[in-house]
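Please go over the structures that come below.
Next, two complexes with subunit A in common: one pairs it with subunit B, the other with subunit C.
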Partner chain A sequence: MKLKKYLSFTRAGIIEEMQFRASFIIMVVGNLLYLIIVYFLWKAIYASSGSEVVNGMTFEDTLIYLVLATALFNFLDLYVVWQIGRDIQSGKIVLDLCKPIEYRKYIFWSYSGSFVTHFFLTFLPTFIVVSAVTHGAIPLGINLLFFMFSVVMAISINYSIDFFVGTICLYTQSIWGINIMKQVIVLLLSGATIPLAFFPEPLKSIMYYLPFQSIYNAPLSILLDGDPSVETLLTTLGTQLFWTVAMLVISKLFWKASVKQITVNGG
Partner chain B sequence: MGKIIEIKNVTKEFKVLNRREGLKGSLKDLFSRDYKIVRAVDNVTMSIEQGEIVGYLGPNGAGKSTTIKMMTGVLEPTSGEILVDGNIPYKNRAKNAENIGVVFGQRSQLWWALPLIESFKLLRDIYQIPQENYEQMLELYKSLVDIEPILHKPVRQMSLGQRTLSDILAAFLHDPKIVFLDEPTIGLDVSMKAKIRTLIHELNRRRNTTVILTTHDMGDVDALCRRIVIIDKGKMLYNNDIEHLKGFFGSYRTLKIRLDGDLEQWAQQLAQELPDFSVSADDEWISVLVDEEKAKVIDVLAGLQKKYRIRDMQLEEISTEEVIKKIYEEGVQ
Partner chain C sequence: MKKRGLRFYTKIYFKIIAQDIKSKMSYRADFIISTIGMIFTNISGFVSFWILFRNFPSINGWSYHEMLFLYGFSLVSITPVQCLFDNNWSLRQQVYTGDFIKYCFRPINLFFYYQSEVFDIKGLGQLAFGIGTMAYSWSKLDIGFSAFMLLKLIVFLITASLIMIALQNAAAATCFWIQNSFYVLDLAFKFKDYAKYPITIFSPVFRFIFTFVIPIAFIAYYPSYVVLRPDEVPLLSWLSPLVGVVFFIISYKIWMRGALKYNGTGS
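Coming up: the complex of A and B.
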C-alpha cells in the first residue's frame, strides 16, 4: 500500500514526460551537438599531446567514457533546485506542506518518472550504440549488475545534493546563482565533463574524498572495468554507500531544521 | 456537534529585518541585526463547530492567511494553543494533513501538465483513499457539476474558472473534516462564482465538511456563511452571526436623492444642514447615511423636500458589504 503511493508518482511522471515530445527531441539533438564538440575537442587534445595514451587513457577510452557520462548526465540531471526555489517564491510550498507526505519524498518521487523515461530513452540507446560501435570495449558481464547498484546510489547522492542546495533557497529566496554554482561544482568534480584521470595529483586525491565523484566517476569506472579486483569494487561501492547515507542524513536534517525556521519565522 | 477547531489566545509574531534605503542602505542591511517584531495575529480566540461554514474576513494584510497557515500546521504560533480535530497542527503536520483540504485561490495544487483525472488519481494514492470512497466522491461530483468535459483536460489548458473548480474538487476529494478556502472566487465571472458557491454549499451540506472561507467578495459571504469572524491588524473585531452583525448597524439606512445642479456643492450644503449624518456625493446621487435612532428617514426626507426640489430618490438598506466596510474603517463600538 505504501509503495503504491509512491509508484503512482512514477506513473504520473512518465505520463507527464510523454506530454512533451518536442522537448525530448530537442534534448536528443542538443546532446548530439554536445558530443560532436566533445569529439573534436578531445581529438585536438590528443593530437597536440603527440602520444597515444594520455594519463593512462587512449582517445577511444576517453571518448567512450565521456559519451556514457553525457548519457548518464541526461538521466541523472534534476531540476530540483529550480523547483524548490519556485515553490518557495510562489508560496506553493505551503500547499505541498499541507499534504500527508514528506516534502523530500514528494519531490523525489515526482522525479522518479523522468528517471525511468530518461533511462529507457537516452541512456539505454546510447549504451547500446556505443557498445555496438566499439565492438566490446564495454565489458558485458557481472559488471552490469554492479553498475546498476552503483547508479541507484548515484541517483540518491545526486538527489540529496540537489535537495540540500534547494533547501538553501529557504534562506536566500533566490535560486539562480546558487544553482549555477552547484551545477559547476558537481559537473567538474564528479567526472561528468573531464575524466578524473586528467586532474593533477593533489586535486585528484581530494576529489576521491568528496561525494561528487560517487555520482559519475564511480558508476562509470565500474561499468568500464571488465575485471576489477574485489578490493577496488568494495572501495568504490563502499564509498558510494557511505555518501548515500551521509548525504541522505545531512540533507534530511538540514531540511528539518530549515522548515522549523519557516514555521517559526514565516516564509 | 462537536468543536472541530479550537484556538485559544493565539499570537504570532514575525521577526522582520529593518530595511534601509538605497544602495548603501542595502549593503548595510547585509550585516544588520536590526530586527523589528511584527505581530501578525494578536491574541485571537475562537472555536468552530463541525459542519459550519465560517467566513473569515479582514482587509488585506489583516492576518487571515497567517491564521490559516497556523491551522494547517505550516506556521507555529508564538504563543497560545490551536487544536484541529484534537491535533496540534504544527507538531503533527502529517496527521493533520489527512483531515484538511486547502485551496489558495491564486495557486493550484494540481499537476499542471496532467489531465485532471490523473491529478485525482495521484491524490487518491497520496491520501490513501479507498477505491470505493474515491468512486463515490467522483459520482457525487458528477451529480453536482458538469465535470466530464474537464476531467480529461490537462490543467494547463483550463480557464481560470475551470481550474478553480478543479482545485476545490481536489481539496474535497479525500473527504476531509475541514477545508480551508482562501479567496476561491477571486477573478471569476458572475456565473462561475455562482457555480462555485453552489458547489461549496452542496459539499458542505452532503459531507458535513467544515469550511473556513476567506474572501473579499461579500456575495460569497451572503451566499454561504451564517457566521463570520472579522480580524484586522491581527486583532479579532467580530465573531458572531451575520444577522447579529446587521443588527449592530440595522438602524442605519441610506437615503439617496438627486437634485438639479452640482451635486458636490449640494452635498456640502446638506452636510452643514444635517450635522448628525454623513453626506457624500457621486456622479448621480447624494447619499445621506441616516441613523434611525436619531431621526426617521421619512422625517429627513420630508424636511429636505420642503427646501429643495428633489427630482428622484432611493432608499437603501445597509448591505453586508457596507457593514464590513464600516467595521474595517471604524471597528465595532
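Coming up: the complex of A and C.
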C-alpha cells in the first residue's frame, strides 16, 4: 500500500526521462569516447610495465572494471545535490517541505525513475556487451545475486552522501563548489576512475576505512569475483551494510538539525 | 556604424568585468567554497596522474617528467576558456528564457559583449597549478632554459588555448538550434581531460580523429614538442598556432550565425 504511493513517483520519473532522448544519445557518445581513451591509456600503461599483471590485475581485468565502473557511475550519479541546491536557491524547497511526504523520501523517489531507466538503458547493455566480448571473463553465477544486494546498498550510501552534501547547501547557499568537491572526492576515493589495487599503500588502507569504496569498488569486486571466499564476501557486504546504516543516520540527523536554518528570500 | 578600435574594446572590457567581479565578491562564502572546490579538482587530477604513472619510468617513450610537463601545459592552456569564456555555460538558459535578446541591442560586438560579461576568477588557481607543474617538470628535465624558449612556450600556450575556446563556443552555440545544449557543452568540456596524454598511445585511426576531427592533440601534445623536443618537432606542431586561430574563427562564425538568427521568445 505504502510502496504503491512511492512507485507512482518512479513511474513519473521514467516517463520524464523518456522525454530526453537527445541528451541520452549524447551521453552514450560521451561514454564511448571516454572508454576509447581509457582503453588506449591503460594499454599503453600495460605495454610499458613489461608484465602481464600489474598490481594483481591483468589488462583485461582493469578494462572490465573501468567499463563497468563508468556504467555504474551513469546510473548512480544523478545530480541530486544540484537539485537540492536549486530548490534551496529558488525557494521551491518550502513547497516541498509542506508536502505530506518527507523531503528526503520525496527526492529519492522522484529520482527512482531515473535509476530504473538508467539501469536498463546503460548498465544492462554495457554489462551484456562486456560479458559477450570478453567470453566469460565476468563469472555468471551466485555473484550476480550478491552484486544486486551490493548495488542497492551502493545506491543508498551514494544517496545519503548526496543528501548530506545537499544539506550543507542550506548553510552555504553555494552549489557549484560543494558539488564539485563531493564529486571529485567520491570519484577518486571510491575507485571509480582508478581501481583501488593501483593506489599506493598507506592510501589504499585508508580508503578501505572510508565509505566511498563501498559505492564503486565493493559492488564491482563482488561482481568480478566468481569464487569468493565466505570471509571476503561477508567483509565486503558487512562494511557496506555498516556504511548504509551509518550514512543514513548521519544524513537524517544532519538534515533534521539543519532544516531550521532555511532562509528563503521572498519570491 | 563606425568600426571601433582595440583600445575602445580593451577599455570597455575591463569596465564590464569589474562589475562582474564586484557582484561575485558579494557572495563571499560561495566564492571561497568554489575556489576550494577548484583546488580540490586540481589536486585530485594530480593525484590520479601520480598514481597512474609513478610506477613506470616511461609511457610510450615519454618520460614521467615529460608527461608531467604535458599535464601542466594542458592545465595552463585550458585556463583562458575557464576564466574568460565561462558565460557560454549560461547561454542556453538565456536563449531559452529570452534574456539573450538584450545583447542583440547593444552597439558593440555581440560575441564580445556576451563573453566579457563574466570573468571566472577560480580559473586562476588552475593557472597557478599548471605553471607550478610545468616549472617543476622543466627543472627536472635536461632541456635547458632560454628567453627564446620561454617566448615560444607563451606563444604556443596562447594559440593552444584557442582550441578549447573554439570547442566550447561551438558547443554552446548549438543551443541556438537545439533546445538543451548542456550535454553537448559538457561533452566538449570533458575533452580537456583527454588532452594531457601523448597522442602516440592511440591507434592510427584515433590519432587521425584527435588531430583533425576533434583537435584535442593541439591542446598540449603538438605544441609542447616545441619546448620538450626541439630537435624533432613534427610539422603539425608548427601548424598548431594556425590551427588554433582557424578553429577559433570558425567557432566565432558559428556562434554569431546562431546569435544573429535569434528571434527572442516573443515575451
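Side notes on the structure shown:
In the analysis below, the second predicted complex is superposed on the first by the 262 of 267 C-alpha atoms of A that agree within 3 Å, B and C clash if a C-alpha of one lies under 4 Å from a C-alpha of the other, contacts with A are read in each partner's own complex, and residues count from 1 in each chain.
Just so we're on the same page, a residue touches a chain if its C-beta (ideal position, glycine included) is under 8 Å from a C-beta of that chain, and two chains touch if they have at least 3 such contacts.
Values in this document were obtained by computation on a predicted structure and should not be read as measured data.
Aligning the two structures on subunit A places subunit B and subunit C next to each other without any clash. Within the superposed three-chain arrangement, the count of touched residues of subunit A is higher for C, of the candidates subunit B and subunit C.
Within the superposed three-chain model, A:Lys5 lies in touch with subunit B and out of touch with subunit C [touch as defined at top]. Looking at the shared chain after the overlay, A:Ser48 reaches subunit C, while subunit B stays out of its contact range. Once the two complexes are laid over each other on the shared chain, residue contacts for A:Leu97 go to subunit B alone; subunit C is not touched. Once chain A of one complex is fitted onto chain A of the other, the partner contacts of A:Ile36 are limited to subunit C, with no touch recorded for subunit B.
Using the contact criterion defined above for the overlaid structures, shared-chain residue A:Val184 touches subunit C, although it does not reach subunit B.
Seen from the CA centre of subunit A, the centres of subunit B and subunit C span an angle of about 80°, rounded to a multiple of 10. When the two structures are aligned on their common chain, the gap between the nearest CA atoms of subunit B and subunit C comes to 6 Å. On subunit A, the surface touched by subunit B in one complex and the surface touched by subunit C in the other have residues 20 in common.
The residues of subunit B lying in touch with subunit A in their complex are 14-15, 40, 66, 69, 72-76, 90, 93-95, 97-98, 100, 102, 104, 107, 109, 111, 113-114, 118, 121-122, 125-128, 154.
Chain contact summary for the complex, subunit A toward subunit B: residues 1, 4-5, 8-9, 12, 15-16, 19-20, 90-92, 94-102, 262-266. Within the complex formed with subunit A, the subunit C residues making contact are 27, 29-30, 32-38, 40-41, 44, 47-48, 51-60, 178, 180, 182-184, 186-187, 190, 194, 197, 201-203, 206.
Those residues of subunit A that touch subunit C in the shared complex are 20, 22-23, 26-27, 29-30, 33-34, 36-37, 40-41, 43-45, 47-49, 54, 172-174, 176-181, 184-185, 187-188, 193-194, 198-200.
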